[in-house]
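Every chain is named by a letter (A, B and C) in the order it is written, and numbering of its residues begins at 1.
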Amino acid sequence: MAGQRPACPHHLLPISLGLFQGVLLLFFALFVTYDEPSAQAEDTDSVANQLYGIFPFFQDIQVMLVVGLGLLLTFLPRYGLSAVTHNFLLLNFSTQWALVLQGLLHHLHNGQVHLDLHNLLTSEFAAVTVLISVGAILGRTSPCQLLVVAACEVPIYLASEWAILTHLGVLDVGGTITIHVFSCYFGLGVSKALFGAARQPVHPNETPTPHSDFLSLLGTLILWVFWPSFVAILCQPGDAQHRAILNTLLAMSASAVTTVVASSLLERDGKLSPGHLQNGSLAGGVVIGAVADMAMPPVAALALGSLSAVACVLGFRFLTPLLARKLTLQDQCGIHNLHGLPGILGAVASAVAILVTSKDASGSRFSQVSPVGGNASEVGGGRWGDHGAGEQALYQVAGLAVAVGSSLLAGLLTGVALRLPCLARPPKWLCFDDSLYFKIQDQAESPGPGGTAEEGALVLRERV
Amino acid sequence: MAGQRPACPHHLLPISLGLFQGVLLLFFALFVTYDEPSAQAEDTDSVANQLYGIFPFFQDIQVMLVVGLGLLLTFLPRYGLSAVTHNFLLLNFSTQWALVLQGLLHHLHNGQVHLDLHNLLTSEFAAVTVLISVGAILGRTSPCQLLVVAACEVPIYLASEWAILTHLGVLDVGGTITIHVFSCYFGLGVSKALFGAARQPVHPNETPTPHSDFLSLLGTLILWVFWPSFVAILCQPGDAQHRAILNTLLAMSASAVTTVVASSLLERDGKLSPGHLQNGSLAGGVVIGAVADMAMPPVAALALGSLSAVACVLGFRFLTPLLARKLTLQDQCGIHNLHGLPGILGAVASAVAILVTSKDASGSRFSQVSPVGGNASEVGGGRWGDHGAGEQALYQVAGLAVAVGSSLLAGLLTGVALRLPCLARPPKWLCFDDSLYFKIQDQAESPGPGGTAEEGALVLRERV
Amino acid sequence: MAGQRPACPHHLLPISLGLFQGVLLLFFALFVTYDEPSAQAEDTDSVANQLYGIFPFFQDIQVMLVVGLGLLLTFLPRYGLSAVTHNFLLLNFSTQWALVLQGLLHHLHNGQVHLDLHNLLTSEFAAVTVLISVGAILGRTSPCQLLVVAACEVPIYLASEWAILTHLGVLDVGGTITIHVFSCYFGLGVSKALFGAARQPVHPNETPTPHSDFLSLLGTLILWVFWPSFVAILCQPGDAQHRAILNTLLAMSASAVTTVVASSLLERDGKLSPGHLQNGSLAGGVVIGAVADMAMPPVAALALGSLSAVACVLGFRFLTPLLARKLTLQDQCGIHNLHGLPGILGAVASAVAILVTSKDASGSRFSQVSPVGGNASEVGGGRWGDHGAGEQALYQVAGLAVAVGSSLLAGLLTGVALRLPCLARPPKWLCFDDSLYFKIQDQAESPGPGGTAEEGALVLRERV
């Protein structure tokens, strides 16, 4: 089996990763420090309270990214270890890389970068885009290729986020446009450029088993539970944050129920497709991000949740096969259905919500929309004061266009880079297979008396 | 295989669910709004702090219901996807349904329902009763039937909760009487009326495998960890909440250890039964709900935890088989052992605790008992001031009687409704089988070279 | 099969556990009470805020110990139920036992022990040492033997913790020395004394399958996510706690990436070993405990995380086989690599950090190091004021020596006690087998038509 491994050097991954860790250490040694300690007792109390406010949200997001998203990717039955591990490695690498870049770009005043939980969080958001994008090429790529995606995507994301939130003043507290739409089209661009016009045959390991579908559904449930923290963590504390949590809960509840409706109606015998359930239930979380803290009525959150679930399920049923046929576009996890379509829907909804709430709003409501949290608040809030609701709605659409355009272009270029032979793209017959990356009992060898049942059965199967 | 599906229309489920979503949207559009924004900066701080106080508890409960309870139900080895999905769907449907009903019943002043996290939480508590009740009929019922259970149980629960907490002023901060006892006897009523006197044969898919037992135990552990949040979320902040958390921790620790003792003593060779462990470890959380915030000594929490675990294990060993033989009562998950017996024990304990703590109490202790949290606090606290400890103890027992009586009666009626043929009760030979509800690789077809080991082995087995 | 069970009485476990529960009840009835209620409204607010500050951290730690650590131990493919259950039982037993001992030793003023969440937490920390130690003898020991380990280890731990933190004034907010180093050498001592010079043959059930490796990795990820709460919960609120969280996050991120580098470099074909990943990713959390809240620059946390991961992976690759060959030392989970080596590294780092930060520190920095949280703060802070940085560094090393010495000695003695035949050590051919402790479908019997696929396959295998 060892002879079938690709010919490229096995140590490219550890050596490049090791070098990166060295550079990171150097950068931190030279430039990064902690905030000056707050000297007075009163400050200490306020620091503690601020920490107690944000830390539970932060932990929820960590669970989502490490455990929930990892499990969601395990629907490939013999690729579970790799899916979870690559997700974990990419999260850490991308966060560190974003810390370095953010430090260099934004915070280099006084020569020192002051690290706090908020920096770490925004770096983690940059990492999220990588984790989403690689869903399009899951299982057909090597860890080296994934690291190249991360290395390219993080700086593009930071630039695009700056353009959308700071320069255009787009309101997007939950990352619908900046994170979900951006990462989706980046991933599709990479996939198109990497696989080109070659139609990928269906690999036997691609078909989920009931058990792998179950694990993936478990990941969905974990993401579903903690999603409100993801949307609300950067909101302004108080009413806006409370409303963002409620809107997210409503949207996700509606999309869970609507997914069952849509998936069941699409099949002749009324059965559910596990894939629809795994993705559609989360569509409400994607769509709600751009409008979660706005002063819209609760029914809007429910309606958006339902609509996004319908869009997601229809996407899986009709659009993904169509794109695969017409554009030979490979989208392994269906990120276009979970992040692309609901993301666009959410961006459009944010423009509509701004127009509608500004019209029917008395002063008090109107003021509720503008002070959104996060980076946008400093600029966005002020800007809108200047340019009015109509203009702000236009900026929302412009933000969507910037996200789609920049990500598609950058993704295509990154995908071309992934074709470098030294990046050890796995051969087709070894795709979706943990044994390529892990020292595990080889499932094709005889298990002997020490082998396990599962392996024994595999041998039986493979010899038939 | 498709030909063996029941003859009733496949689209009843999605159509009725879809209609319900439409009605929900209409209701929200007409009646539901968010709280008025708090205008002043000082208020904002207090809103934020309130949110930071309750939100981590709320998230813990979400994990319990979506992930923990879902996993607990996966002890049926080929019904994992369905168990988790139906649990998830019922939670969302019942919460939405309870929101509508609560809005109509309680909050219709000024024509507007003001939605906040507290409303959502009490609606979720209503949904919990449904999730518990359907444990009695797990695997032998269609999703349509489960939705009918939810549609019937939620309004009855709201009425019974109002009667017990508000009208009688029963103290039950953790839902021992209002949630656990009520849902248990509702579920048993449904089961009795649905299956009648027909003895259900043991289905081959009913026997847990080590792996399905493991997943179910994982669910137990998740529930065990987060249970203190479930009991304490509605307590009065401060000492009462602190005490509720400690009492729950003590009770659950005692029931974990005692379950091992009891289960091991009951078997001749001292082995543990996974089913005992999965349920007995949680009995302490059920029993402690009614007394968690009372001023009783810590030893009482330990003793109640131990006692409830013994009752639960004895119930599984002796009572469930007895009820199945004498009353042909089907209780698939053993909800009577986990929720019924410990719930009754907890209700009685609350009456005793009120009598005892009022006798040996100086003023300071006595006052600690009365200000319990939740809905009860407003009325219960005041009432008790009027009617004294003896009377309050009587009210606790009366509350238990109301919960048992109303739930049994309503459950029986609901069970009769479930016999409607259009609800697509699964045929006996397709019970406990995911393939009836999910588009998964059919386990009876030849897996071919793309099939998985597990399926290959299944084929072998089914052909023997 | 029943005839092959060891000859000792089956009921030793439940009877001794039951007696212990009785003693616990008696002790609580006589001596334990809750804190006096805080009478004034202002106090209530402060109690509530204190609870909201600590409770999310506490819940995170509960998830780590019950779910995360339990899953981490499931790498033995047919021992999952036992590993998780024994972990759960030991946690509860040891916590209760530590509560009793702590009550007797420390808090017996006025004849009453005042129970609060902080007591429970420190008791749980005592239990953690037991859970780590038994990793060395996982699968080759009976539950009776494990309980004896817990009974012996908890008092020794309490004494050693007192000596190290209170008497010597060692700074160790995250338990690097008092918990990790102590429990590691205790466990190794037990293993050495129990198994003696007899080389344990490799059992067929010892080899992980891809699925059991996956479950174990899931446990790693859960531990990885929540580790910052474990390190920071006893820190002083405010800057120190914030810094402890950031340092832990940095260290764990670095060790995750470095583990991939080290594991991949050590194998000729560049594959990853799941065992390295499961343990190395957590090494950063072990190493950072003693220095997490000190005023060192962020780069130190990154460097320590990387170094500890390298030490852990090298330990698995070279040291564990060496110790097994030269000393016939059995270390089933590799606790020496995860807790021993990184723990020693962390202890040395704390001495160095104290020396370095005291030199280059202006007043403000220096003052940041001393007020550490936990038990140490009361004594340690003051002491250091007296004896200067050099002396404090010496005390750190002395603390390390005390931890290693006392734990090794006590572990060896405990291990001798475990050889008592009445403790029902499992026979070699039944090691690592759930069916010895659980009433599960016996995997060697014919499954018949009701058996599951997995079992069918097992039969096939065992008959080959």
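Here is the rule we use: contacts are C-beta pairs under 8 Å (C-beta built on N, C-alpha and C of every residue); 3 or more make two chains touch, one makes a residue touch a chain.
To keep track of the chains, here are their UniProt names: A, B, C = Ammonium transporter AmtB-like domain-containing protein.
For clarity, every value in this text was computed on a predicted model and none was experimentally measured.
At the interface between subunit A and subunit C, two copies of one sequence, fewer than half of the residue numbers in use appear on both sides, so the contact is built from largely different positions.
Relative orientation of subunit A and subunit B, expressed as the C-alpha superposition rotation angle, is 120° to the nearest 5.
The centroid of the Cα atoms in subunit A and the matching centroid in subunit C are 33 Å apart. Across the assembly, subunit A contributes 49, 52, 56, 453-455, 457, 460 as residues in contact with two or more other chains.
Interface residues of subunit B, counted against subunit C in their complex, comprise 49, 52-53, 56, 60, 77, 202, 204, 207-211, 213-214, 217-218, 221-222, 224-226, 228-229, 237-239, 241-243, 245-246, 249, 253-254, 256-258, 260-262, 264-265, 267-274, 277, 281, 295, 297-299, 302-303, 306, 364-365, 368, 453-455, 457-458, 460-461, 464. On the subunit B side of its complex with subunit A, the touching residues are 2, 5, 10-11, 13-15, 17-18, 20-21, 24-25, 28-29, 32-39, 43-45, 47-49, 51-52, 55-56, 59, 62-63, 66-67, 70-71, 74, 78, 80-81, 84-85, 88-89, 92-93, 95-96, 115-117, 120, 434, 436-441, 443, 447, 449-457, 460.
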